[in-house]
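Please go over the structures that come below.
In the two complexes below, chain A is the common chain; its partner is chain B in one and chain C in the other.
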Partner chain A sequence: MPSFTLKIRRYLPESGDAPFWQEFDVDLEGHRSVLEGILTAKAREDGSIGIRCSCRAAICGSCGVLINGRTRLACNTHLAEAVRESPEDGKIIVEPMNNMPVLKDLIVDMDAVHWKKIQRVTPWLLPEGPPPEREYVVPHENMVDVTQSMACIQCGACVSACLSMEVDPLFIGPAALAKAYRFVGDPRDGAQYERVKDLAEDPAGIYDCTHCFACIDACPKGVAPMSQIMRLRRVASRDHDIEDRNNGYRHEHAFVENIERNGLLHEADLLPDSYGGKLHPRAVPELIDSLPVVAKGLARRKITPGKALLHPHRRHYKDVRKLFKKVQAKDEPLELNLYIVGYEEEEEAAR
Partner chain B sequence: MPSHDVLIIGAGLAGQRAALAAAEAGATVAIMSKVHPVRSHSNAAAGGINAALNPEDSWESHAYDTVKGSDYLGDQDAIEIMCREAPDEILWLEHRGVTFHRNETGHLGTRAFGGASQARTYYVADITGQALLHVLYEQLMKHHAAIDRYEEWFVTSLLQDAGGHCVGAVARNIRDGAMETFTAKGTILASGGAGQAFKPTTNALICTGDGIAQAYRAGAPLMDMEMIQYHPTTLLENGFLITEGARGEGAQLFNKDGERFMEKYAPNKMELASRDVVSRAEQTEIDEGRGVGPDGQGILLDVTLVPKKRILEALREIVNIGRDFAGVDITREPITIRPGQHYIMGGVKTDVEGRTPIPGLYAAGEVACVSVHGGNRLGANSLLDTLIFGRRAGAHAAARADGMPMPAEPPASRVRDEEGWIASLLQRGPGSGRRVSEIKDELGEAMNRHCAVFRDEQGLSTCLDVVRRLQEEARSAYVDDRGTIFNQDVLGAIELGYMLDCAEATLLSALERRESRGAQFRTDYPERNDDEWLRHITVSLGASGRPELGYAPVTITSWQPEERKY
Partner chain C sequence: MKVAYWPGCVSRGFTPELHGAMEKVAPLLDIELVELDRAACCGAGVIAEHSQELADTLNARTFALAQQTGEALMMNICSTCQGSMSECQERLDANAEYRMAINDNLRDEGLRYEKPVTNKNLAWVLVEEIGLDELAARVRRPLSGLKVGPFYGCYIVRPRERLGIDEERPRHTYLHRIIETLGGTVIDYAGQYKCCGFPIITMNKEASLRQAGRHLGDAVDAHADCLVTPCPLCHLNLDLQQPLAERVVGRELNLPVLHLPQLLGLALGLEPKELGLGRHVVKPTSVIDWSQSVVATATA
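This part shows the complex of A and B:
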């Protein structure tokens, strides 16, 4: 039977010692999970290794950890796969999740971060008026649609992986915003406008997401929290025209128009466009504020005056404009049902 | 020392539903769980929840299916209550936000399930239990002013006053190891089953029979403990659950010769016969050499017969399970499964209000035995059981608490004794005996070998000897962790004691029932024998400290026992 080395970051708060690394060798088949590896070490060598776990089958959401630096569930990561991704000659590196305080070994304080943020989004249905005599009659598609958010097991993997939260701990974050979409997308909820208005106006709300995809990558259940955030934005801006004080609405529109005009993002125009054009009174202070960043970019040669002013990528813009026309010509905006999107792609490929 | 009208131990569906019902009735409520509530094992109930809600359906039909499924061991008064109240419960859940999938007209949609004469299973893709659990937790957060949540607290024993009434519990805060007493006018056990006494099992690591053993130690009788459900479709490799919803959506079972063998065993219902029937059929095929896999220990489940879009929409979770835990794309090829331990029909004996014979102590959900499942539980009746009887227990405990004085706080020595006991566990080192984890493994393997789909006296007696020896060994077993913060190791030692109690009660009952009924198939007594065994078997802790067997009548209202055919 193959042998695997788990290198676990230990932290025993009662010892008074700093966190330390400890290695355990376990003999298991490669398709067994990292969790089984840890539990084997715990059962045979050291019962004091702390890790929350219960179902072993990626349903309960207890065992979120970092494996080789990436947030995963220990129970649905194979040992063999983890070894392949190991940066340290074959050792599987296991650490507690990021963005949350560590309580012991691999156990983090979910209450202090994750659950606090969940509570921020009024996480219960707010129906309008008394309930009907029987069930609410709602389209099947809507229920399948919110099922993607309902598939969330509250493991905190996305919270751990979120880069925005690392910079801004106040960010409501991917899990809580995905939870919010579960209500915003639910036709039975009577507070859709209030919910998206609140999340748009909050400086740590939907426009605080930087679109980095880290949460989608980390989520073990295909919830795609970032996609849910984008859908919240669409409900806020397209369905309710909420012009928020964070300027998220105008920035998003400026972004789309900028690409339609230029074919590829013309960054020098984006900031002034977001504030109503270069001469708009609100744009001026923003431009001045951004001067240090521009200066740094020039000094490090990340931008050159030529590129910034002339935007040489413009030549494909006609193709991009065709795409825009195609999408805009549709009566209904194109809204993929993300939960079963794999099926549609495959069917098309087969044709 | 916290005190409440109602203390609920366990925060899965039964516990959360009890908490909401008790709070709605105006009681002060504490709900306590050794894990965060959304980690509870109710999550794993994938397929759905039964209710006769369609106008063409009737609660009588649902009740009859349940009675027949139970092999006539279920108490029909309790089954009637469950099936009558099911439709309103579904609507209650729907109104609170459960995202039940709809049919093409936008009304609640149903799927077919085993042992049912109608498609009456309401569902959320194949994450029904998870969706229910998370929506109830939304409601717990909403009602935070009325319901105190004690998350990651571990109950070590129930509190009883001089008259034997249950007045709360002693618990350990897992986060810092502090022990505390919680007094309550009523205590509801809702801490789930004991599947971890078997290896493998579909059950989560937390399902260690805590509540069953706590009640038993306090003097409450256990009932139907021999009735252990083996689910027909668990992964060959590691025992994980593949939902019955797969067969409900049209998946079929095949042996190594490509034969759809259910034709022989249940020509009418085929794969959707009740679970005991399908599991026995599979085990017979395996035992007679028609299994698949390296040791011929598996059966093929072919989900590719279900349209792909439907699989992705409604059976998403088992696509993930197949991919992550068996390396199989179930949309393209069959997956190898076998019968595996899944559920215990038995538990703490209660009446239809959730009351145990101990005043002040209630039980609901898998920990309890009302008994609505009798010898075999129908798929999608477990979620229903947790909600109906969780609600009834919560409401009854709240009503009982109204106007009743708060019980006196227990003497401080009660906590000190318990602390001393845990300290003594921590003092044991490698010289004292075996590791807790070794004993647990041996228990699980013995139970799965001798107390599974087919049983006989010799195997059960051998297993009972093993369990009695392990009980001795557990007294000197040692753990490694000496700390107080998240000492999961010492909790494991306490859980081992709980599991051994449950296993002993199961084996004694299985030996006693000298017939075959429901999930209990005795190869030495292969027939059902209504003359002698149409009765429940109970196990109580006797005055001598040894288990004592007893009997309880089966309540029959409308449906006389008949031969059972699917």
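This part shows the complex of A and C:
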């Protein structure tokens, strides 16, 4: 039977010692999971290893850990796969998740971070008016729309991977915002406007996501929290025209209009426009704040005044403008969610 | 090798030295660039956030223009373009009905996207098309002694599946391998796969600059002489905004950040000035000094 080495980051709060590394060799088949590896080490070598688990089948969401630096479910990762991805010769590196305080060994404080943030988004239905006499009747398409966010098993892997949260612990974060979309997209909910208004105005809300895809990669259930956040932004800005104080709405509109005007991004306009236009009171302090940078750019001929002020006019961008008009004139723009419709055609070797 | 070449917006706007360096480097690698000068912005994820149909239409148009050139390969020099375009391509290629509807938007211009298009970032082209052995053979000034930290940019490493990253194509290691092939020393540091923070620079400036500052600081602590990035938007936050990032993280950084074609150019024998190194906000003095020291030893 093959042997695998698990290098586990231990932390025993009662000992008063700093975290330390400990290695365990386990004899198991490669198709067994990292969780089974940890439990084998616990059973045979050291009963004090702390890990949460229950279902062992990627359902309960308790066994999130870092494996070789990436957040995964321990029960959903094969030993053989983990060892192939190891940056340290043949050792599988197991650590507690990021962005949450460690309680002991591989156990993090989900209450202090993950669950608190879930509560922040009012994770229950707020129906409007008196309940119907019998059940609510909901169009099928609407429920399909929220199924992706309903697939969440609350494992916190996305929270651990989130790069915005790493620098801004207040950020509401991927799991909670995906949960928010579950109700924002539910036709029975009567508080759609209030929900998205709240999340757009909160400096730690939907506009605090840095679009890094880390949550999409980390999620074992295909929830794609970042995509749900982008849908929340669409509901806030397109359906409710919420001009938030975080410049989210203005930035998005400035960007789209910029491309519509120029075909290519014209950055010199983007910054002031994102703050509401060059003469907008919000733009002035921002521009002054950025002045040293702009001045340096000018000095190094990085930003040439000609380029900054006059975008070279390109005739053929008329075609682009026409395209914008055509698509934006549609009442119901097309949206394809691959999670729901799946891949209709065989994926060809396009790569 | 001839490629349909999409330089992107930022490489011709705020970081013109990037496109300039690519044009200088291409002949040294026998790459002929057929520039897609009618193509529009990829949307950088922001247009898709506003309207998926609009983003998919703009990128289907770019793919159609690339196919019109008759070249089998399309190349970009921007991680963000790679990521946003791959996202749109995934939808376009997955569903015939959807593709038809998007193509319908392009009808007036007589354009049509036929799946699939092969669109690769320069880093992927170097490893998968040109080959590292071939690249090594062309090196004139090995980057010996130069300690380079790779900064990939989110859009080119995540999500893995969409970007075709697997054991066969470990695209998340290509920058490492390119640096090594050019003779440099790879510096591994905590931030190499993290986010530069640029997408939220107008929404949460503090958090945005904290990301840039932290990763730069980690690279400084790991003793990097410079960073290299295939993403001009990362370059904006890491170089152009570095003085502001220093303020946020409260430490001096002064770490030069090179575009990938600039690093290539140095190893292929071009001079720092030709490659626009003087145009950066953080003067790459350490890199320029290094290039002069190796010239000096070569002629001594």
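The working rule: the second predicted complex is superposed on the first by the 282 of 351 C-alpha atoms of A that agree within 3 Å, B and C clash if a C-alpha of one lies under 4 Å from a C-alpha of the other, contacts with A are read in each partner's own complex, and residues count from 1 in each chain.
The rule is short, and it goes like this: contacts are C-beta pairs under 8 Å (C-beta built on N, C-alpha and C of every residue); 3 or more make two chains touch, one makes a residue touch a chain.
Because the structure is predicted, anything quoted here is derived from the model rather than measured.
Visitor: Who does A:Val327 touch here: chain B (first), chain C (second), both, or neither?
Guide: After superposing on A, A:Val327 lies in contact with chain C but is clear of chain B.
Visitor: In the superposed arrangement, does A:Leu28 touch chain B (first), chain C (second), both or neither?
Guide: Neither partner.
Visitor: Using the touch definition from the top, say if A:Asp186 reaches chain B (first), chain C (second), both or neither.
Guide: A:Asp186: touches chain B, not chain C.
Visitor: Who does A:Arg44 touch here: chain B (first), chain C (second), both, or neither?
Guide: first
Visitor: Please indicate which partner A:Tyr136 is in contact with in the superposed arrangement: first for chain B, second for chain C, both, or neither.
Guide: A:Tyr136: touches chain B, not chain C.
Visitor: For A:Asp208 in the superposed arrangement: first (chain B), second (chain C), both or neither?
Guide: second
Visitor: According to the stated criteria, A:Asn247 is in contact with first (chain B), second (chain C), both, or neither; which is it?
Guide: Only chain C is touched by A:Asn247; chain B is not.
Visitor: Which of the two partners, first being chain B and second being chain C, lies in contact with A:Arg84: first, second, both, or neither?
Guide: A:Arg84: touches chain C, not chain B.
Visitor: Common interface residues of chain A with chain B and chain C?
Guide: Overlap of chain B and chain C footprints on chain A: residues 342-343.
Visitor: In the complex of these two chains, what residues of chain A are touching chain B?
Guide: The touching residues are 12-14, 31, 33, 42-44, 46-48, 50, 52-62, 76, 78, 103-105, 107, 110-111, 118-119, 123-125, 127, 131, 134-140, 143-144, 146-147, 150-154, 182-183, 186, 188-189, 221-222, 339-340, 342-343, 346.
Visitor: Provide the residue numbers of chain C that touch chain A in the complex, in ascending order.
Guide: 9-10, 12-17, 37-38, 40-41, 43-54, 56-58, 61, 83, 89-91, 93-98, 101-102, 105-106, 108-109, 115-118, 154-155, 158-160, 164, 167, 169, 194-195, 197, 199-200, 202-204, 206-208, 210-211, 214, 240-241, 243-244, 278-281
Visitor: Along chain A, where are the residues that touch chain C in the complex?
Guide: 84, 163-164, 166-168, 171, 203, 207-214, 216-217, 230, 233-234, 237-238, 246-248, 251-253, 255-256, 259, 263-268, 271, 274-275, 286, 289-290, 292-293, 296-297, 300-303, 307, 314, 316-317, 319-320, 322-324, 326-328, 330, 333-336, 338, 341-345, 347-351
Visitor: Looking at the complex, which residues from chain B come into contact with chain A?
Guide: 35-36, 38-41, 43-44, 90-91, 94-97, 99-109, 124-125, 127, 130-131, 134-135, 138-139, 141-142, 151, 175, 204-206, 237-238, 240-241, 308-309, 312-313, 316-317, 320-321, 324-325, 327, 435-438, 441, 479-489, 492
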